[in-house]
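In what follows, a single structure is set out as structure tokens and then discussed.
Chain naming follows the written order as A, B, C, D, E and F, and within any one chain the residues start at number 1.
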Amino acid sequence: MTKTIIPFGPQHPVLPEPVHLQLTLQDEVITEAIPAFGYVHRGLEKLAEIRDFQQMIYVVERICGICSMIHAMCYCQGLEEMMGIDVPPRARFLRVIWSELHRIHSHLLWMGLFADSFGFESLFMQCWKIREKILDIDEATTGNRVVISVNVIGGVRKDLNAEQIHWILSELKDVEKETLRLETTIMTDYTVKKRTVGKGVLTRQQAYELGLVGPVLRASGIAQDSRMLGYAAFNEIDFAPVVETDGDCYARCKVRFREIFQSIDLIRQAIAKMPDGELAVKVKGRPEGEVVSRVEQPRGEVFYYIKANGKKNLERVRVRTPTFANVPALLAMLPGMWLSDVPVIVLSIDPCISCTER
Amino acid sequence: MFEKILTKARMLSPWVLHFDCGSCNGCDIEVLACLTPVYDLERFGIINTGNPMHADIFLVTGTVNHRNKQVLRNLYDQIPEPKVVVALGACGLTGGVFREAYNVVGGVDKVIPVDVYVPGCPAKPEAIIDGVVLGLEKFRQKASAMHS
Amino acid sequence: MIVSDIPVCPENIVGETAKIKVEGYRFVTLTCVELDETRVDVLYHFDRDYQMKHLRMTVLKDTPIPSISPVYFAAFLVENEIQDLFGIRFQGLAIDYDRTLYLAEDVKAAPFCKYVVLKTSATLNTPGENPS
Amino acid sequence: MTGHVLMMIVAGLVAGPLLGGLIAGFDRILTARFQSRIGPPLLQPFYDVIKLFGKEKQVVNVWQAFCANAYLTAASISLVLFFLRSDLLLILFIQAVGAVFLVVGAFSSTSPYSQAGAHRELLQILCYEPLLIFIAVGIYLHTGSFKIEAVYALKQPLLLKLPFLFLVLNFVLTIKLRKSPFDLSTSHHAHQELVKGLLTDYSGPILALTEIAHWYETVLVLGFCSLFWTTNPLGAILLVGITYFVEIWIDNVSARMNWRWMLGYGWAMGITLSLVNLVWLYVR
Amino acid sequence: MQTITFMLILLPFLGALSCYAIRSAPVRSFIVLSTGCILITCSLLLISYVPFTFSPETVFGLDVHGLIQIPDFILMFAILYYGIKHRSILVIIPAALQIILVIWFEVFMIADHPTTQAFYCDNLSLIMVLIISIVGSIICFQAIPYMKNHEEHLHPATSRQPRFFFVMLFFLGVMNGLVLSNDMTVIHFFFEATTLCSFLLIGHDGTEIAVRNSVRALWMNSIGCLAFIVSLIMIYRNIGSIDMQQVIRTPAGAGLSFLSLSLLCFACFVKSAQFPMQSWLVGAMVAPTPVSALLHSSTMVKVGVYLALRLAPAMQGSFLSPCIAIFGAFTFLAGAALALGQSNGKKVLAYSTISNLGLIFACAGLNTPESMTAAVLLIIFHAVIKAMLFLCVGTIEQHIESRDIEDMRGLYAKMPLTALITVMGVVMMIMPPFGLLLGKWMAMEAAAGNIFVIILAAVGSALTAMYWARWAGTLMSDPFAGIFHLEKQPALTWGALLSLCTGAGILSIAVPWIYRGLFTAAMNLNYAPPYSLKNGILENAYGVFAVLPLCLIAVLGFLQSIWAVRGATQARICPPYLSGIHTAEPRVFLGPMNKLIKAEAGNYYLSNIFGERKLTVWINLAAGMLLTLIVGGAL
Amino acid sequence: MFTMTPTIMRNLLNPPATRRYPTVVRPPFENARGEIVNDIQICTFCGVCAVKCPSQCITVDKKSATWTCNPFACVYCGVCAESCLSGSLHQKNDYRKPVREKTMIVLQGEIIKKEVKSHEPADVPQE
């Protein structure tokens, strides 16, 4: 039989990031997919040797421009645990607010890219139009649209005043309303369902054994959400992981879509419960020891391993990002699918290659 | 006469190829944000072609590393003249915060000639628009140099 | 803080992992830390219901380690990564990138080992040329 | 007589790029407005094409130049024949020549993207070509002739007699205009799995030729549309306008499908609708 | 006139015998060349005599009919012998039955032999003669270098070329005899002779598969012959004549039974390899390519459609006619669908032949002046272009040792001229203003009144365009590598390819004149000229095809495009898009694990939908049902 | 099918969401982190900014009283401005404009005679 070998990426318009998939097709049906990485690999874990542990916050923040704040939060939490620092309550609630804002903007961004992957351009535009509101909140409160740099070890750098909180709540109301309008399209549209339902199915068993994380895992029916660990202020807020059971691209889409509303709700709760107080405590001494830190990113659980030996520079920083854990799922999902499903399936794990390769 | 129309058309229809050359996604999503309703680059006739063969302006984000430097060069070579390279963000200009990392070659200009530098981390959409507009000036010069 | 870790050695790692899998743990990742010139620590992290379990294995750099990717397929990626970055070899990988996962031909050195000379700044400044 | 023929030839040759470009510009503005954007100026397609002519000539295979020229020639001739009110089937066949040459040009590059795009285009041709023939046959069954002239001689709009075939034509139109859900082989926005599909390796002036040829084809298929209301020029314009608006609307409210769906759905719906309409005409 | 007729029939026999007797390669080449040249001259001379009919005087008290009886029996016993030799019960039964029937018919039924005109030639026959003599001879010429190469490749113990050329030349005579005869028993004899020729040539290579396929062809065609003789007997019983002209003047139903006609049609279907009897033709592709070109595309399979066209007037107005139209249209669609699923170049050609013959049958079935014109045009152009394509594939096969389309990817870089000629052939198969498409256009317009036929034909024609375009594209699929060098080929191969190519082109331009010639006094009986011809524009009440203006534009467009290509050769040559990881090597990219990987682009053969295994069963079933309807309905 | 219709129709009937950027410029947010400026008159060349900068894009030479910044390596985190002891460094709320050529910002201040309490030496990487 004839076969087609397509180099999918590193430069490819449906994958904004450089990753390569060597696809072997037969009449557009995939028989083999081999990924290749290394186009974004910078080796920034190694930078810990030449940047001190405070500067590393800004380096790990730039692992990924979409969930930058959460990377920094995870890193700071790890060091705080290692150094025995108690973060002030207000700072913990502020971290919840900003991290959930990041989740909303990330999910909206993903929703747009996902729509674009199956050629639904107006849906893409709509999602990104809504997303701009979140970016405005970010910029107004922290000074930057994307890489917001609010975390420091021991707390946060910026505060929200009453006026800003009021504005955020009203903006969120708009976002909620606008997003809700897209519900029928994302959840029920014939063409959307045709392109997503039954594509890239992962059973509960498969998803668990592949070590998947985040919405991909939750779409396969497993209620695993690292926020349940109760870091930051999540132990003081009510929520339950969003779970779907179909395990296909459609289910992943539904999980993320529902999580947008969950996040809006979490922000409202956090704002309601946020106490007054300091933003950060002063850091004394230098870190020493070994620590593991986990938080939930929009894409799933991010895992930090930090080892320090009392010097200014850390001994080892190891980051296992959610996409890194989800990549094996691609290898399980792609064979047997169609070429036109490749973008849909690849985007359904919400890949962040710069996270994966660091 | 035709020359004049051509120059005008060139200024009004710059097609863009965006290549993420190892960026953290910050600049990439800002580039994409430029295409979306709030910034709407298509007002200037800009289309994100995603294909070097059709592009006029090459938007590069991110640090160059050892694996993708050849990709960058290949793509640059595939763009037909006249063409303009716009490097975005701290990483694309110098390597930014990752300059000293072991797998980083540096800014885009280490591999291909860059015409416009857009600073920022990430570069704001307004800055990207400014950068493209600045690139167009260069584009006009290159085009007239090509004809003469 | 990592408080409890179970020491393992290359001989029993695959068996231990298989046991952990039977217990219903989810594979999280591997971490490799260089200890000194000859030894590295390889940590295996697993998770069940938000509780983590860590295995610690101290090995010599030049000894191949049995891969756990036959047990947890997902481990192939991180094992390949460690191969690239530390120069350690894993045996029995589900997909073996043969130390080309991240690094291009021109940087074949294992960059995370401190005893490898980093690129000099002179080579950094020659545009478009291979620094090797 | 000869004067009239000459005039029509010139009209066809000029109308294609002029109308086609304007329609494309209007299309882009309307699409942008649907997406809450401002969109490019109306004349943007012309700027694009002129610019492309000024680009460096760069080819992957010299046959692309041949094929692009052949595509343009065939597309323009088919429009001229339409203006001359010639034979419908003949126009369809000539239009197919252009489409096939475009595909062969894409095949001549070894990029798998271009090749896969070419295959998809062939499948698209496979999908719409029979449907177009059914429309011609429907017109024949009603007017007793394949000549467009006969349509203009009708006292009653064709739409009343061939409503289902008009739906089929809209279906074809969506494929032909490369609109979602059928923008499989290539699309105006390149964010698809095939980069730019069969246009991947066409560039510069050669790409401009294919763009102009596409305008000719757009005008031609919209011309077919206008045949369904020939009794009144206003009616024709209105019908074409509404049809085109509907096309853009469909483009904006649907995702891209795969070719399997296109073939299955297209043939099932197209052939059923055509058959109903044809049998109806036949029995009457 | 008589001399020419005899020359056309008997000269090939002489040539064949001397080829067999004189075992010297140069002499054999000379004989083949001279025979071919004389045949071509004779066939051209024949044009001025058409129409004519005559019966030669008796020889030893026997007329042609009697003369033919002896070889007829030899032939039937030969088939029986081969059936016994290959232990094929399927051959033995029809052969034996045939012998019995022929003896019964000849001895008991037509003891007092009715007077018939032995030879008859009208425009239809003339066209067939021209095709056989000119295209057939050209194919024989090309066979000279081809077979030389073929044997060098196979190394047989003794050269089988004498036998090969014996059969080839013999076959030309047989074919000429068939189309010029008027006596149906004589036609039957020649009909049978083509079967034997085909059998011998398919099995030429002597491999196991060749033998198996040749036996299959033999039994299928024997059944066809059996149907022929049965129908002959019935016709004779009905109207007491075996004169073809008399038969077709008798309207069906009035005197002539439907069953006899439908059986005759069945014989035609078998000979033209219509579904469900297509497998012999597909299997015949194991033969050396000149055989495929000569027998299985341009001439022998045309016998079926030729007879169907002959019989068409008799069927006018009867239910048989639309049935055949639908059957033909169905074959057109089914053949195209199967061709789409093939990657073997010769199989594509085989299925496309079946498909085109189906379209001609559909035209015969539609039975209007337009459709008859279409059928004639289709016969002419299909014969020329298909022969050319077969020869191209043969040439290519000897060069790249594969007949798979996938292996022909980028052939343009290796064999530029052959690839170009092949592409030209493809273009002429599917594009206006070339004759084949003109014929298709006429067929479509004629079919518009019949919903079933038009739907089948419309879908089929789209499928046709798809597989041809795919092939043409594959041939050109290569990065441009500067100036190309013409490949080396024997002069006879070039001559054959180029003459067929230019011939098809010139004939396309000459269509208005052909059309005019077709409807001089000689075109069959009831058909009035369907189109008016003005300024090279064919027009009737409901359609218009501007032949000459379009040809003019095509030529201009071609020249302009060539000029564009010349311009493009100065352009920058750029590697194809491979997501930015192409290397200096064409088509190679740097893939995972730093490996160099060749980007491949296999064609879509859609084997899940159009695969041979999947479709054949259903198509055969449907065709079988249609056929039962035709034959059964006649009972 | 067609479920997106209400949304796109609303878009069509309402004015577009586009900010007409070059013609209409939205005022930047108050505390947006933009371009770095150093009021060299006040600068004490203490070098804190150079030490703290995660991107290591600032070099301070106390002897010659030069403050050098590579604005193209700056990541606009604002750490330098926050940690500036003298208050000479601050961030504008507008972004840095694109340029054709890369140039370093080199600011020459007055050489201060008085010894300032020395800080840790700048951790300059191998480069």
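As a working rule, contacts are C-beta pairs under 8 Å (C-beta built on N, C-alpha and C of every residue); 3 or more make two chains touch, one makes a residue touch a chain.
Predicted model, so just to flag it, every value in this text is computed and none were measured.
J.: Computing the C-alpha centre of each chain, which chain sits at the greatest distance from subunit D?
T.: C
J.: Counting C-beta pairs in contact, pick out the pair of chains that comes out on top.
T.: Chain pair with the maximum contact count: D-E.
J.: If you average the Cα atoms of each chain, whose average lands nearest the overall Cα average?
T.: Going by the distance between chain centres and the overall C-alpha centre, it is D.
J.: In whole angstrom, how far does the Cα centroid of subunit B sit from the Cα centroid of subunit F?
T.: Between these chains, centre-to-centre, one finds 22 Å.
J.: Could you put a whole-Å number on the gap between the CA centroids of subunit B and subunit E?
T.: 59
J.: From the mean C-alpha coordinate of subunit C to that of subunit D, what's the distance rounded to whole Å?
T.: Distance between chain centres: 56 Å.
J.: Take the average of all CA coordinates in subunit D, do the same for subunit E, and state the distance between these two points in whole angstrom.
T.: For subunit D versus subunit E, the centre distance works out to 36 Å.
J.: Quick check: what residues of subunit F touch more than one other chain, meaning two or more?
T.: 1, 3-4, 8, 11, 16-18, 20, 54-56, 75-77, 125-127
J.: Which subunit B residues reach two or more other chains?
T.: Those would be 19, 36-38, 40, 43, 48-53, 65, 67, 71, 75, 80, 96-97, 100, 102-103, 109, 121, 124.
J.: Provide the list of subunit C residues touching at least two other chains, using ranges where the numbers run on.
T.: Within subunit C, residues 100, 102-104, 111, 118, 124 contact more than one other chain.
J.: Can you list the subunit A residues touching subunit B in their complex?
T.: 10-13, 16-18, 38-44, 46-47, 50, 58-59, 62-66, 68, 109, 112, 124-125, 128-129, 131-132, 135, 145-147, 352, 354
J.: Tell me, which parts of subunit D touch subunit F in their complex?
T.: Residue list for subunit D touching subunit F: 30, 32-38, 249-250, 252-254.
J.: Please output the residues of subunit D touching subunit B within their complex, sorted ascending.
T.: So the residues of subunit D in touch with subunit B come to 28, 32, 35-41, 44, 46-48, 50-51, 53-58, 189-191, 195-196, 199-204, 207.
J.: Under the touch definition given earlier, write down the residues of subunit D that touch subunit E in their complex.
T.: Listed in rising order, the residues are 56-70, 73-74, 77, 81, 86-87, 89-90, 93-94, 96-97, 100, 103-104, 106-116, 118-119, 122-123, 125-127, 129-130, 133-134, 136-137, 140-141, 144-147, 150, 195, 200-201, 203, 206, 267, 271, 274-275, 278-279, 282.
J.: Flag every residue of subunit A that touches subunit E in the complex, lowest number first.
T.: 1-12, 20, 22, 25-28, 34-36
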